[in-house]
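You will see chain A twice below: alongside chain B first, and alongside chain C after that.
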Partner chain A sequence: MSQALISQVLIGVSVAAILAIAAIGLAVIFGVAGVINMAHGQFIMVGAYTAAVVGQLGGNTFIAIPVAFIVVAAVGLVVERGVIQFLYERPLETLLATWGVGIILEVVMKAIFGPELYYVGAPRVLDGGIRIIGRLPYPYYRLFLIGCAIAMIAATFWLIYRTNFGLKVRAVRRNRAMSGCLGIDTARIDMLIFMYGSGLAGIAGAILAPIKSVSTTMGFTYAVGSYMVLVLGGVGNLLGVPTGAFLIGQGETLIAYKYNAVIGELLVFIAIVIAIRIFPRGIFGYYERR
Partner chain B sequence: MKKIKRRTFLRGSAALGALAFGTTAPYYFQRNIAKAQESDTIKIGILHSLSGTIAIIETSLHNAELLAIEEINAKGGVLGKKLVPVVEDPQSLVQVFAEKSKKLLLEDKVAAVLGCYTSASRQSVLPVFEEYNGLLLYPTLYEAQECSKNCFYTGAVPNQQLDDFVPWIIKNLGRKKFYMLGSNYIYPKETNREVKALLEKHGGENVGEEYAPLGHTEFATIINNIAGSGAEIVFSDLVGDSIVAFYKQFKQFGLTPDDLPICTPITTEQETAAMGPENAAGHYTSFNYFQTVDTPENKSFVERYKAKYGANQVTNAVMEAAYFQTYLLAQAIEKVKSTDTDALIYEGLPGQEFKAPQGPVKIDEKNHHTWLWARIGKARDDGQFDIVWTSQDRIRPDPWVDYLYPNKDCDFTNSKVMDRLKSPWSSERNRSGTMDL
Partner chain C sequence: MPDRAHSRHVRRSRLIPIWALLLGAFIVAAIGSVPYYAGNDSYVLLLLGKFLCFAIFALSIDLIWGFAGILSLGQAVYFGMGAYFVALSLKINYAMEHPTRYGSKFPDFMEWNGLKELPGFMTPLISTPVAVICALIIPTLLAFIFGVITFKRQIYGVYCAVITLAEALILQEFIIEYQAYLGGFNGITDYGNFVGAPFLWLILAISVAFFILARLITHSRIGTVLKAIRDNDVRAEFMGYNVANYRIFVFCVSAFMAATAGAMYAAWVGIVSFLDAGPLLSVEGVIWTAVGGRATLIGPFLGAFLVRGLEFVLSGSWFANYWQFFMGVLFIAVVLWIPDGLVGTIANWLRRRRRGSIAQIRAEEDRIAHDQQRDWEPAGAAKSGEEVV
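And now, the complex of A and B:
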């Protein structure tokens, strides 16, 4: 393997990390709460604007992360209590309702912040990069993104599989009625997990803002990327997110490196369509026990 | 043969008479109303999106035009009449642009429309303006190769931004190896065609060419490709969100303007503010106008714009064109003493001159485009540009540059030239739908 190709694979890892960061919140809401959240991209956008406001007040990304988590989790709380709690087990209605929520969020943000692009800088500590291989230094910020992706997935894994709360969440996911009979407050579990997923989307917005552009319409591309990750990776297991993100991220960047970005996007879409034929529920699909 | 009875005949003619009155009467009254209004005001259509995805830039064009109208009215209006803006919001939707322009022409009967930003929106309204013989003034820089009797283009065409820029880079920066990067649609592709021709002419070299999907914000791979190509210059025609993401990531990968400057005909003060000036500093942009242009007209334009719309506002080239095209229109109406479309198109606008913020500009006598100044700006730490080069004189607009299209030209004073032009562009151009610029 040539040096350029190795450096390209390393870049692909960071692209996969970006995809995973954007998708993890959606995976929690979709995979655990069973809600198809069409407003996911707009939740990321709200997180990015939170980072912009924190930046204008003199804070940096490290401060923006918890603030964005809290702000967007609060947005999630309002959306869950206001709309989604009435629609559990009715996927088509939640799909339409959250689509509407997304549009409302975009309009509200535009009314508050105006239509212009917002500026969010990276923290000074993460300026520059480290020379690994190839001609270009590897930016510290991309290493930070990879770290964030691992941390977010690990934290979620711990929450769902290693805590008492997570046990209840999984129980509700398996059988809502039976969990209720056994004394689990299912409505509360639903609410908390939706808030947690929303908060993760907020973090995604805050840490992606310094390398991307921040506008009210930015959410859409992240939502598309996140759904591709979930469709390919599956939501039965949290491993689906890193797997899907890695395959798409590497696939897209390697094709873009060899040919160009337009063909990269196209071929990845085709590959996903074929993959869905083979794994209809994604690679780590969720299969009901019968 | 059946005889026509007297009664049937009477009934028939009464019905016909009523029908005739019914159809013509509203038209007659409407005309009178329009005439009554015509006597003391002149209506000007303003057609820029105030909502939707491109509202960011179009709102500022709308603002600049309203500022100009306000100023003209303060100086006594045109032909002693006040200009009245009729504002429509096409919501960034191409089909709404066409509907709204129909409304402006047929219902409001405006003297002319100032409007559009993207090529896609312009191409969707042109058939309307051609069908109803309206007049459109279009302020955006665009890919050229278009000529419509009913449209005047006051933004730059590629030759005005590139013909001096490319040789300047080769000579003054001493860099020959160009890597061309653009968004994947017509404007960047046409621009890069011209850049490639200029490279050949001036001894430069094209070491790579790459197009990213519109709205693309992940540039690590492309940056890696650029670094591996041996390029000495990145020539970028990226638009919109992509610009901000690209400059940010370019710097994060440790590339500085000293190693590898980005040169572009697109990035304005608006984008440098959005990406953070530290990410733009040291890179080059070629434009007719920068906020830092040192003319008395520009100082007062920037001052008045900030006074009206807020001190944190920045001005840019497209806004400046929107501003001065309003004045060109007013002067043209003054010249022909009428708002008649054909009089404006054939006598009022061609050759019309105005002391714009960028310097004196002039509408070409023949091709409906505008003579503009060329400038090269180097981005500063504060998001503004230091102007490092200004052309000696205004540059002639050439919608079909001779070195690429020797047999094509646009000349409304010469019907032979126009006949040769007709067939190829109208069908070909309208097929190529574009999203931005």
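And now, the complex of A and C:
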């Protein structure tokens, strides 16, 4: 029993890693840049298709990661310049417009790649697994996922809190007008941070492609999951991402082990709604003065 | 009454102006007489009833989004719950009269999924009145609980949108997972329907009733407070209004409308599926409202009919494969270029023609706003029942 429980907890950790990987791009776009991007799931989907194309050309996940970053950052650039830059004053309408962007991305990808599913293999190095407990192996790819999640969060933390660029981003987020007066090119900062967040979504797609079949509709559940992570963890602080992802991942896995996956999601959702009644801006959220 | 420019009397508008009443009566008569010249079981009739249900659904979104500033992306949860209660009840009754091939008298999809008899908790649904009451009351209760949990803690805006979206996604997955009880991926089908003149008139009557109800709410004191909350909730709170309670109230009314629309939809169309309770329908409802015109009551009706009608026309042509693409463009175009929607844009244009330059309009709006600010006046405040513009 305890063995089964421990293996469930380990699975929960990898589910949490998946959630964190999907959510970190959104944490940058939604939490740092303040844009409500409903096309986040479709950005992940574009990243996964990029990985599929790289795979067809003979590359593997390690090559797909930088390629997906560049491709999806370019998509993000187009979206930001084409749509979002006009809507910084109207956040809720950004939501609708980016939903439209998501639909368009899905249709375009379907037109290019057709309706069939694509499968991407994991790199040869990461085949197999280690036996932590009992006879069930723990796949190396799951360890890789956990490592990726930590690396992406650390890189983003470094970028936002330890570099000159991050300082400017935070300044623009806090007080756009004053930042502009002090000589920061706010439009350029908006654009770059949105591109960075989109690129992270692309990386997420490339990393997650081997664990799920690649289809045009794969992104939506990731997007909703990411938003749930941010709502629970809070958007004011990047620590909210691992915290929210860990709680949701563990909760869903343990309840799914006892009952089934949908009951797990339902109960975790109810728990989240109750949790935000206690922490209205998430566990690590800061209280904006308004 | 004397119409002096700066007099302090409250400008009252009729609940429904005469011309609108006449126009509305004409439209209602036109729709109501469709069964006579289009045949009693024609496809046009089916579409018309469907669109009316969707229009009520859009009106319910407009009521919370347009007038109270709550963007819910999970309104289809209430629509879907209403639809599923009615569909289940109809299906159970239908199955009792039409035994399946193996002679069992409970819905066929339950039999396919290995149930031996009707589950005990569904037996109350055999009675149609109970089912209808469930379909209307349970979604409203759910909305009330949801409202108490979120609005009381100042959770709204993006957070509300995201949480309601997740709610819709989970309900959809729940329906797919519990195939034995809710029909799962195939939905609930094959229980007959009510397409015909009498039920169309019922839908029409309820549409009109909800339209008038919405008009009553938005043009009463409550509506004024709701608009204040939409425009600046902090100030409304400081003025002593209980912002959360107003939000909960309008959210419940809206859920009730959506549930009624869903209940009628299920009975009219004769098929419900998980899509009728999912995020997609919720967001489509928002876009119908946005196309027609947020914060106008005609807008949702117009938007639902236009977008749905266009979808119907285009999906039969070579354009069918690109319909989704067109929807995406529509989302972006409406937000970027006509944020007030069709009705709102036309109304603004008419107002501008009537009143002249922008400066004049601003002056006029200031004056109206000045006339309407009565909260600090101890005497002379509007009595209950008086209408404010």
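The working rule: the second predicted complex is superposed on the first by the 287 of 290 C-alpha atoms of A that agree within 3 Å, B and C clash if a C-alpha of one lies under 4 Å from a C-alpha of the other, contacts with A are read in each partner's own complex, and residues count from 1 in each chain.
In the analysis below, a residue touches a chain if its C-beta (ideal position, glycine included) is under 8 Å from a C-beta of that chain, and two chains touch if they have at least 3 such contacts.
Worth saying up front: this structure is predicted, and the values here are computed from it rather than measured.
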Chain B versus chain C as contact partner of A:Gly129, first or second or both or neither: first
Which superposed partner A:Thr217 touches (first chain B, second chain C, both, neither): first
Partner chain in contact with A:Val262 - chain B first, chain C second, else both or neither: both
Touched partner set for A:Leu167, first chain B, second chain C, both or neither: neither
First (chain B), second (chain C), both or neither touched by A:Phe86: second
Partner chain in contact with A:Met178 - chain B first, chain C second, else both or neither: neither
Chain B versus chain C as contact partner of A:Ala4, first or second or both or neither: first
Touched partner set for A:Pro139, first chain B, second chain C, both or neither: first
Common interface positions of chain A, toward chain B and toward chain C: 221, 260-262, 265
Footprint of chain C on chain A - complex, ascending: 36, 83, 86-87, 90-97, 99-104, 106-108, 220-221, 224, 227-228, 231, 260-262, 265-266, 269, 272-274, 276-277, 280, 290
Touching residues on chain B, where the partner in the complex is chain A: 53, 55-56, 59, 184, 210-213, 215-218, 220-225, 227-228, 241-245, 248-249, 252-255, 270-271, 273-276, 278
Partner chain A, residues of chain C touching it in the complex: 71, 146, 149-150, 152-155, 157-159, 161-163, 165-167, 169-170, 173-174, 177-178, 234, 279, 283, 286-287, 290, 322, 324-325, 327-332, 334-336, 339
For the chain A and chain B complex, residues of the former touching the latter: 4, 7-8, 11-12, 14-15, 18, 115-119, 121-122, 127-129, 134-137, 139, 141-142, 210-213, 215, 217-218, 221, 253, 256-257, 260-262, 265
